[in-house]
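You will see two complexes here that share chain A, one where it goes with chain B and one where it goes with chain C.
On to the complex of A and B.
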C-alpha cells in the first residue's frame, strides 16, 4: 500500500521530470562535454582536444572579446540611460496624477513585443534616412543635413543605435518594477519629512533612494543579464554582426556553430560566457549586500 | 509672504512639465508602431515618398497578399498552434508537478524541486548548440513536436515555482472533503486544485503565451522549412528572400505584433503580474 502510494505520487512529477531531464539536463551536460572536443556537428567522430578550445578563446580569438566589449557597451547604456529614464518616469508617476494608468499601459508596450519585431520596425525607420527618420528630418530642417545619415550603416554609430533601441524596448519593464517598489514606501514617511522641513531633493535623497536600493539592485542585475544576452534585436535591426561592429557573444556562438561548423568551440564559448554572467551577478549581489548595510 | 496662488501656480507648472515629459516618452513608444501599421497600408512605390501618417489610399489588400503570397498566413497559424500546444502542455505538466511538490510525499521531493529552481537561475547561453545535436539524434529537429517539447521545458521552472507558491497557501479543507468523498489524487488535482488555482493559472498562461509567441533562437536552429516556422523566424526569412517588399514586410510585422498588443490591453493585470513575478523569481 505504501509503495503503491509513493509510485502514484511519482506519476505526478514524472512528465515534468522527463521533459526537464531530456531537454535541460542532457544538453547541460553535453555543453560541458562538447566543449572539450573539435567537432563539425556531422562527422561520427569527435576529436578530443582537452582545454584547447578555451585556450583559443582566451589567447587567439579577438573577435570574441570584441563581442564581449560590444555587449558590455550595450549593457552600460541600458544600466545608465535606460534605468535612469525608467526611474525618473516611475518617480513622476508615483503621485496623484491624471492619466497614470494610460502612461503605464503605453510604456509597457515595447517590452511585450519581440526583439525581432522591434528591430525590424526601427530598422525600417532608421534606414529611411530623410523620410520616416524624424530626427534626421529635424537635422535637415535646422540646416545640418551633413549630420543626417543612416546610423545603422555607419560603423561608428551602429552599436550606439542598437543600444538605444535596446533601451527603448527595455525601459518600460524597469519602469514597472520601480513603480511597484516606489508604491510600497509608506506615505507617512514623506509626510513626516515635510513636517520636519525637508525639501523635495532631501526627501528623495534620504528616504526614496535608501528604501529603493534593493529594487535598484534587482533591476540592475536583471538588466545586466538581459542586455549581455540580447541578440535577436541585432538580427532584426542590423541583420547580423556587421563585420564585428555589432557582434555580441550569443551571435558569436551562433556563428561558431552555423557559420564555421565548430560545435565544440561554440560550446566552449557558451561555457565561458555563462561563467562570466554568473560571476557578474554574484559580485553584484555581494556588492548590494554591502550597500544595504551602509545605508 | 508667498500667497496660495503662488503655490497653486507652482504646482500647476510642475504638473504640466511632468505631463509633457511623460507624454513625449509615450509618443516615442507609439511612433515606430504607428509607422509600421501605416506603412503596411501603402504600396512599394509610395512607401518611401508618401510620408503622411494617414496614407492617401488604404491598401488593405496588402494583408491578403502578405497572408497568401507572403506566406505569413501559414506562419501565423503555426505561431498560434505552437503557443496553444506549449501553453496547454505547461499548464498540465507544471500544475501536476507543482501540486505534488506542495502536497504529496515521496523520496527525493526536495532535491527535484531545488533542481527545477536552480535551472531558473543558471544561465547557459550555449545550450542551444547541444539541444540542436540532441534533437538531431532524436529525429525531432525540423519537426513541430521537437519545438513544442523544447518550449514546454523552457517555461516549466518558472511555472512550477508560481504554482507551488499558490498551492502551498491553499487551504487543505476542500481537498480533505473530496478525499473523504472517495476522490482519487488525480481527481483532487483536476476537480479541486486546478479550479482553485485559476487566478495564478491566468498569470502562467499569459506569461508563457507571450514567451512562446516571441521566441526566436530555438525556432531559428530547429526549423529549416519555412512551412514549420513561427512568425518571428519567417519574418527574417522573408526579408532575406527577394528584394524586400516593404509593405508586405510591414504587414507581416503588424500581424506579429498586433495580437500581442490586443491581448496585452485586454489582460494587462495578468501580464504585469507575470512580469513582476518573473522578476522576483530571478
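On to the complex of A and C.
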C-alpha cells in the first residue's frame, strides 16, 4: 500500500520532471557535450577536441573578454543608475502623490516594448545622419554645443549610450518590484519613528533600507542576469559590434555560431558565460546574506 | 473517499494524455505528389507562388514554396533540418562555401552535373558562367568535395557602387561620368561636406560589406593570385600591398567621402539615405534596384565600378549567383524537383522573375528585357568574382579580425599597419591550430 502511494505520488510529478528534463537538463548536458567538439553544425561527424575550446576562450580569444568587459560596464550602469532611478521613483510613487497610478503605468511601458524597437527608436532620437538628432539639438539649445556629437558612432560614447538606453528600457521592472517591496513595509514603523523624532533621512536609512535589502538583492540579481545577456537592443542601436566597442557575450556566441560556423566553440562560450553568471549570482547572494545579518 | 479516488484517476489520465501528446510531436506525413521548396526570399515569394500555380496548371504537379524569413532564421532552420534529415525536396543554402561543402559531404545535396550536361549541356549553357561557378566544385578543390555542379542559380547579382546623378551635378561633376579613379573619388569629399550631404553610404555595421570592398581593392592592387596566396598563407597580411588596401580606408575617412557613422550603419539605413537623395554614393548589391524603386521611384541614379586605386590589375567586384536552389539527395522526388528547376530557369520564367522582382536573371537569354540600371549591373557580371569560387576559404577568425580592423581604421582608432599586424597574428594562430 505504501509502495503504491509512493508510485502514485511520483506519477503526479512525472510530467513536470519530464518537461524540466527534456527542455532544461538534456539541452544543458548536450550543449556541454558539444562544447567538447569541433563541429560546424552541418556534418554528421564531430571532432572531439576535449577542453581545447575552453582553453581557447581563456587563453586566445581577447574579443571574448572584451565583450565580457563591455557587458560588465553595461551591468554596472544598470546596477547603479538604473536601479537608483527605479528605487527613487518607486519611493516617490509609494507616497501619497497626485496621479501615482498614471506614473506607475507610464514607468512600466519601456520594459514591455521589444528591445529591437527600443533600439531603433532611440537610434532615431539620437542619430543625426538618419535620425531626428534630438539630443544634440537639445545640447545646442541649452548652450552646450561642444558636447554635441555622433553618440553612437564615437567609440568613446557608444557603449555608454547603449548602457543608458538599456537602463531606460529596464528600470520599469526594478520600479515595479521596489514598489511592491515598499508597500509591504508596515506603516506603523514609520509612525513610531516619527513619534520618536526621527527625520526623513533617518527613517529611510534605518527602516526603509534594511527592510528592503531582500528586494534590493533580488532586483540586483535580475539586473545582472538581464544586462549581461542584452544584445537585441545593441543590434537595434548600433547595428552590431562596432569594431568591438559594443560587443557583448551573446553577440560573440552568435558570431561563432553563424559567422564562423563553429558550433562547438559557441557552445563552450555559452557554458563559460553561464558559469560566470552563476558565480556572480552566488557571490551576490552570499554578500547580501551578510549584509542582512549586519543590518 | 470515492470522490478523492476519482480525482486521482482523473489526474493520472490527464498526465498520461499529456505524455501521449508529447510523443506525438513531430512532422506529419507530406503529400507524396507535392514538391516542397524552402526559401528565405521575402521579396520574391509572391512571384514564386504565381509561378508555382502556373506550373501546376501546366503539369498537374503541385509545388509548395515555403517562406522562412529572416535569412538568419532560415539558415538555422535548414541546419536543424539537415541534422534531423527532414530537409525538403528543394532548398537554398545561405553561408560560405565551406558550409555548402559540409552539406554536400553530409550527403544532403544532389550532384546535378549529369543533368546539367544532358543534351550537350543544354541546361548548363543557359546560365551565366559566373552564376554557375558559385555552385560548382572544381577538380582538387580544397573542401574535399567530389567535383561537380551542386546548385541551380535562380538569379545573379553584383555588389558595386551606385551614384546619384542629380547630386553629382550639384557638386559640379558630370552626372554621366562618375569618378573612375580613387583620387578623383575622394577629392569629392570636401565638396560633399560643403553641400551638407553624405558621401558614401553602405551597411558597414554588418561586417561582410566592408570586407567585400576591401576584397575588390585587394584584387585591383595585387591581383587574384596574390589574394589567393594570402589565403593559402604564402603571403602575409603585413605585405605592403595589403597595407595599401587598408590605407585606402584611412584615405576615405580623412577625405570626408564616407558618411558619418558608416561603421554603425545597417544597409537598410544606407538604402534610405541614398534613395532619399541625402547621399551621393552607395556601395550596394544589384538587389538595390528593387529597393530604391520602392523607396523613391523617381531616383535618378546609375551604377559604377569602385574607382580604381591602381592600374596593375582590373577592378573586380563580388558577384555571381544571387540565390540558388539545391536538390535534396535523399528526396524521393528528385526527378520531379529537377524538372521543376529546369522549368523555373527557362527563359520565360526568368523574364517573369526579373520583371516582377527586379533581380538579374541567371538565364543569359533573358537579359534583353531589363531596365537600364539593371542592365548596367548586368554589364559588370563578367568582372565579378566571389570567395565561393576561389577554391580556398580564409579562416573566419581572420576575416573577422580584418573587418573589425577596417572599422577601427574608419573611426581613426587604428593605423593600417596595426590592422595588418593584428590580422597576420590571428592568421598565424589559426594556421598553427590547423597544423
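To be clear about the criterion, the second predicted complex is superposed on the first by the 262 of 295 C-alpha atoms of A that agree within 3 Å, B and C clash if a C-alpha of one lies under 4 Å from a C-alpha of the other, contacts with A are read in each partner's own complex, and residues count from 1 in each chain.
Rule of thumb we're sticking to: a residue touches a chain if its C-beta (ideal position, glycine included) is under 8 Å from a C-beta of that chain, and two chains touch if they have at least 3 such contacts.
Predicted model, so just to flag it, every value in this text is computed and none were measured.
Asks: Considering only touches as defined above, state whether A:138 meets chain B (first), chain C (second), both or neither.
Replies: Neither: A:138 stays clear of chain B and chain C.
Asks: With both structures fitted on chain A, tell me whether chain B or chain C touches more of chain A's residues.
Replies: Of chain B and chain C, the partner in contact with more residues of chain A is B.
Asks: On the A-aligned overlay, A:12 touches which partner chain: chain B = first, chain C = second, or both, or neither?
Replies: both
Asks: So in the superposed three-chain picture, is A:186 touching just chain B, just chain C, both, or none of them (first/second/both/neither)?
Replies: Neither chain B nor chain C is touched by A:186.
Asks: Output check: A:240 vs chain B and chain C. Expected answer is one of first, second, both, neither. What do you get?
Replies: Second partner only, chain C.
Asks: Quick check on the superposed pair: does A:214 touch chain B, chain C, both, or neither? Answer first, second, both or neither.
Replies: In the superposed model, A:214 contacts neither chain B nor chain C.
Asks: Just to be sure I read the superposition right, which of the two partners does A:41 touch: chain B = first, chain C = second, or both, or neither?
Replies: A:41 contacts both chain B and chain C.
Asks: Is A:129 touching the first partner chain B, the second partner chain C, both, or neither of them?
Replies: Only chain C; A:129 stays clear of chain B.
Asks: List the residues of chain A that touch chain B in one complex and chain C in the other.
Replies: After superposing on chain A, chain A residues 8, 12, 15, 22, 41, 128, 258 contact both chain B and chain C.
Asks: In their complex, what parts of chain A are in touch with chain B?
Replies: 6, 8-10, 12-13, 15-17, 19-20, 22-24, 26-28, 30-31, 34-35, 41, 85, 88-89, 92-93, 97-99, 102-103, 105-118, 120-122, 124-125, 128, 131-132, 134, 168, 172-173, 176-177, 180, 218-219, 221-222, 225, 229, 231-232, 235-236, 249-250, 253-254, 257-258, 263, 266-271, 273-274, 277-278
Asks: Please name which positions on chain A make contact with chain C in the complex.
Replies: Listed in rising order, the residues of chain A that touch chain C are 8, 11-12, 14-15, 18, 22, 40-44, 60, 63, 127-130, 150, 152-155, 158, 238-244, 255, 258-262.
Asks: Across the complex, what residues on chain B touch chain A?
Replies: 15, 18-19, 21-22, 25-26, 28-33, 35-36, 39, 48-49, 51, 92-94, 96-97, 99-101, 104-107, 112, 115-116, 119, 122-127, 129-134, 149-150, 152-153, 156-157, 160, 185, 189, 210, 213-214, 216-217, 221, 232, 235-236, 239, 246, 249-250, 253, 256-257, 260-261, 264-265, 268, 271-272, 275-276, 279, 282
Asks: Under the definition above, what is the set of chain C residues touching chain A in their complex?
Replies: 8, 11-12, 15, 18-19, 22, 72, 75, 79, 82-83, 95-96, 98-99, 102-103, 105-106, 108, 198, 203, 205-207, 259-266, 269, 272-273, 278, 396-397, 400, 404, 407-408, 411, 413, 429
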